[in-house]
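Multiple structures are listed underneath, in structure tokens.
Each of the next two complexes has chain A plus one other chain: chain B in the first, chain C in the second.
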Partner chain A sequence: MNTLTKRKIQNKVALSLSVLAAAIGLFWLFFILWDVFRHGLSFITPDLFTKDPVPPGFEGGGLRNAFVGQMLITLVAMVIGIPIGVLGGTFLSEYGRHSKLGRFISTLSDIMVSVPSIVIGTFVYAIMVKPIGHFNGWAGGVALAIIMIPVVIRTTEDMMSLVPWSLREAAFALGAPYYKVITQVVYRGAATGIFTGILLSIARVAGETAPLLFTSFNNSFFTTNLNDSTPSLTVTIFQYAMGPYDDWHGMAWAAALVITVAILFITIAGRLLIKWRYRS
Partner chain B sequence: MNKVNKIPADKVLIQVQDLSFSYGSVKAVKNITMDIARNAVTALIGPSGCGKTTFLRCFNRMHDLYTGNHYEGRVVMEGTDVLGKGVDLTELRAGTGMVFQKPTPFPMSVFDNVAYGLKLKGIRNRTELSDRVEAVLKHAALWEEVKDRLKEGASGLSGGQQQRLVIARALAVEPKVILFDEPTSALDPISTSKIEELIFQLKQEVTVIIVTHNMQQAARISDYTAFMYVGELIEFDETDVIFTNPNVKLTEEYITGRFG
Partner chain C sequence: MGIYFPPISLGFGKSNMANRNPIDYRDKIFKTMTFAAAMMVLVLIAGIFFSLVKQAVPAISKFGFFRFISTATWDPVHEVFGAAASLYGTIVTTVLAMSIAIPVSIGIAIFMTELCPNFLKSAMGTAIELLAAIPSIIYGMWGLFTLAPIMGDTVEPFLQQTIGRVPYLGSLFSGTPLGIDILTASTILSIMIIPFMASIARDTFNLTPQVLRESAYGIGATRWEVIRNVVIPYSRKGVLGGIVIAMGRALGETMAVAFVLGNKHEIAHSLLDASATITVTLANEFTEADSDIYMASLFYLAVILFVMSFLTLAAAKFLLKEKIES
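Entry: the complex of A and B
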């Protein structure tokens, strides 16, 4: 067999294997999506979004409390996580580039990405729930923020590092001080990437259950008071799916569908943004 | 080494006195002494790695952005040593424009690019900004091409237009000196000739120092030429002399393409 035929065969084998691997991955993704749609779609009603849960045994009710609680907790996470993440990424890309401290923080942040989220949940439990004596929504927000920060740091640093150095030098050459070079030139160049990273990090934390179990826990009543245990979609899904009632299961499917679609939407929006950015 | 100094004292803008520069322990520029004439074009030529870009970047202290670099000697511009300790780098750079090899338009509109330096200087008045942007774009012979796309992103311009935009941006703040680091090496011949023409005109109001690999370019646009080799200034003279009757054999060999 000559080299050319051998290479062609090798190419075909590698190609088939990778297509197969991609197909297996996609199969499960679509299976999950289809399953969630199949079970959840019939339970998507206006009541789901406008009514609060009713006691077991009663008909009707919805998950308004969980939707609102989820948004509040995520909002707290964003308010804490985005600024810290973006500023941290800025430090790593600009000021800490060649310093030992910068490299140390960067490595630490990468390790943080892979810390199991339940560990973060128990950590926040220890510092924000145990001392206070009861579950609270703030703790849930903080736990999600801790998960968000390393993700935002990584994307911010990467996106800012992609802005060519010549651009910074050009701004310096006009007499711009470093903070203006960063805020007016580097951030502009990296804006879409940073924004996309933020979107993806929101998508990442919006689906977390484990860190909320020990922090914001759950609440069957509508509340906007984050000082008390706060309902969230993910923990509600967890509890309803484990519960003995059929309409609980149905609502858990519906909630799963809503959160899946929301995360899918955020992720696709992020991807489209990147695409749009690099086309223009 | 030839240290010809024919430039009359009243025409000198910058005096480089025994300048050396090292990246860490590597000495890239060695004991250069020469004068830069006011309102003239001074070309720095020499083979790759001879230190001409490094030398150029001493004039606005671009090297200060990175650690481990070290200057020796003096670069005196209008009585002050720009390498001195108390020098405000922001001020120095605002008065010393720089244009790089690859065009560096900022990720903003054409207008905002040109207005950038003006805004840094604290000019906020909209009419003043747009007047000055228009004037400087006309000066850079770019106005006709971009007047309808001032609000569009600068990245949409062609490479040559981007380079002229960047020159306009540097010109807008009315610097005393503009440093060009091989400004046409990434451009096509037509864009190159437009930029050469522009540089040639510029010397009426600014002093130009240009690094170039292109001998013809140095011959066409410069008044003085410095030939550098492995960090040293080999010969510095009027461009006509360098290109027609150089004093040093090495210069002649380089000019005639026998090495480099």
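Entry: the complex of A and C
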């Protein structure tokens, strides 16, 4: 066998392996999605969204409490997380973009995006559950907000620095103060990007379980009182999937399907939005 | 890039503009608001560290550092706590997951940058992104109901029949294959981190100048030789950064492993044993801790996990930054 054939064979083998790797990645994706659909679909009924859980052993029931609780907790997270994230990102891309502190905070937020979410759960437990003495929905919202902030900060910063400097200069030339330039020129230019970043951060926290385990905990009753422990879809999935009853498992699959579809939908929408906005 | 830099650095010193225009106190207010929001990141990270340490003080003073991390006993009844078993579980599952995920994700990145026809590129990119977007609880649940039975009934007995017969190596696969064990947990963990690694590797591969590739092709290199001798050396640091980021994620992953690891506080000798990681211990026991020292020990674990993943991620940032600047 001459060298050329050997090299050609080597080439073929290596490239086939990389195709195989791509196939493995896709295989897992479809395997997981198909499984969630297959198990979850038959348990998606109107009751799932309109009824509260019944004690194990009884027929029927739904997860209305968990859907409502999840929305409330996520809403609290959004109300806290989005303003802080957008304003912080504004500082990093505008006022603080050349300062050492600004760069340092930007790096820290990058790191914080990946800090284990369970650690954030223990932190919020220490500051908001232990002093109060019982689990509460607010703590869950704050935990999710803490996860949200660095995500929003980083995307806001990136999207704002994509706005061309000449636009800002034009506004400065008209005598606009910097805050006006930011709110009326830069924010407008970066609006789609910032919005997408916010969408993706919501998708990110909507699937979080670990930080809710010891903050908002769980509740098998319907509640809108965030001072009480508040149910969430994810913690309910954890509890039901680990539980011994078959209809609990079914409900867990159904909740998993709902949450997966919602998150994948938001992610794809965000991706399309970015593509559409920055298509050139 | 603009030549005009608005006269604002960081400090709260007077800016020229504010001097000239009295209504511009609004600019100061806005600037202070954004500054305060950005400082939240700093405050949160410091707050997490100090409040966790504060909560952990009873355990730190009772067990010390080296004794805590080298003791494998985790006994709530006699109130003797050590992190060795959880640490061991964390490290073993992470290392095993990495060794499955690294080749696969580099393969995916090669496929996406060098082989994939253009019309498939964006579909492939979306698929990888979706894999990253699936919440970890879904991975965990899927692992418990689907993957664990497959592993326990088919894969693990097969491994025992084959590799299990090899001397020395075989002891890694001893025990009863139940599916709730380190091997299953690491497999799920590897699926979770593949998208992170693959997308960073793809991005750094894409940074390789086309001219370099073309000159290699010009002297007659095959596609694989171009990848191995040009693209990979050029993007070494970026890929390494991606690997380290994925490692940081794997260290702190909770829900994906909580379902299938079994929370057993023993140093497992076989990959088919149940085990515990720091995250699994926290998830399972935090709400059950009934004594102060038990609680403090759990907080101690959280501190260790926080510092470990923070340092790992900082190292990754450093590697990736160097890549961009050089």
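The definition used in the following text is that the second predicted complex is superposed on the first by the 256 of 280 C-alpha atoms of A that agree within 3 Å, B and C clash if a C-alpha of one lies under 4 Å from a C-alpha of the other, contacts with A are read in each partner's own complex, and residues count from 1 in each chain.
Note that a residue touches a chain if its C-beta (ideal position, glycine included) is under 8 Å from a C-beta of that chain, and two chains touch if they have at least 3 such contacts.
Model, not experiment: these values are computed from the prediction.
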Exercise. Examine A:T215 and indicate which partner it touches, taking first as chain B and second as chain C; both and neither are also allowed.
Key: neither
Quiz item: Touching A:T230 in the superposition: chain B (first), chain C (second), both, neither?
Solution: neither
Quiz item: Where does A:R188 make contact in the superposed view: on chain B (first), on chain C (second), on both, or on neither?
Solution: first
Quiz item: Counting only touches as set out at the top, which of chain B and chain C does A:A171 meet: first, second, both, neither?
Solution: first
Quiz item: Should A:S201 be classified as contacting the first partner (chain B), the second (chain C), both, or neither?
Solution: neither
Quiz item: So, does A:T156 touch the first partner chain B, the second partner chain C, both, or neither?
Solution: neither
Practice problem: Scan A:Y125 for contacts with chain B and chain C and give back first, second, both or neither. | Solution: second
Quiz item: Just chain B (first), just chain C (second), both, or neither: which does A:L101 touch?
Solution: second
Quiz item: If you stack the two complexes on chain A, which partner ends up touching A:N65: first (chain B), second (chain C), both, or neither?
Solution: neither
Quiz prompt | Touched chain A residues, chain B compared with chain C | solution = C
Quiz item: Between chain B and chain C, which residues of chain A are contacted by each of them?
Solution: 98, 166, 168-169, 172, 177
Quiz item: Where on chain C does chain A make contact in their complex?
Solution: 1-2, 4-6, 8-10, 17, 21, 23-24, 26-27, 29-31, 33-42, 44-45, 47-48, 51-52, 54-55, 103-108, 110-112, 114-116, 124, 126-131, 133-142, 144-146, 191, 194-195, 198, 222-225, 227-228, 245, 248-249, 251-255, 258-259, 279, 282-283, 286-287, 298-299, 302, 305-306, 309-310, 313-314, 317, 321
Quiz item: What residues of chain A sit close enough to touch chain B in their complex?
Solution: 98, 164, 166-177, 180, 184-185, 188-189, 280
Practice problem: Give every residue of chain B touching chain A within the complex, in rising order. | Solution: 60, 62, 65, 67, 90-98, 100, 102, 104, 106-108, 116-117, 120, 153, 166, 169-170, 173, 179
Practice problem: Quick one: which bits of chain A touch chain C in the complex? Just the residue numbers, please. | Solution: 7-8, 10-11, 14-15, 17-22, 24-26, 28-29, 31-33, 35-36, 39, 83-92, 94-96, 98-99, 101-102, 105, 107-112, 114-123, 125-127, 130, 146, 149-150, 153, 165-166, 168-169, 172, 177-179, 182-183, 203, 206-210, 213-214, 217, 234, 237-238, 241-242, 249, 252-253, 256, 259-260, 263-264, 267-268, 271
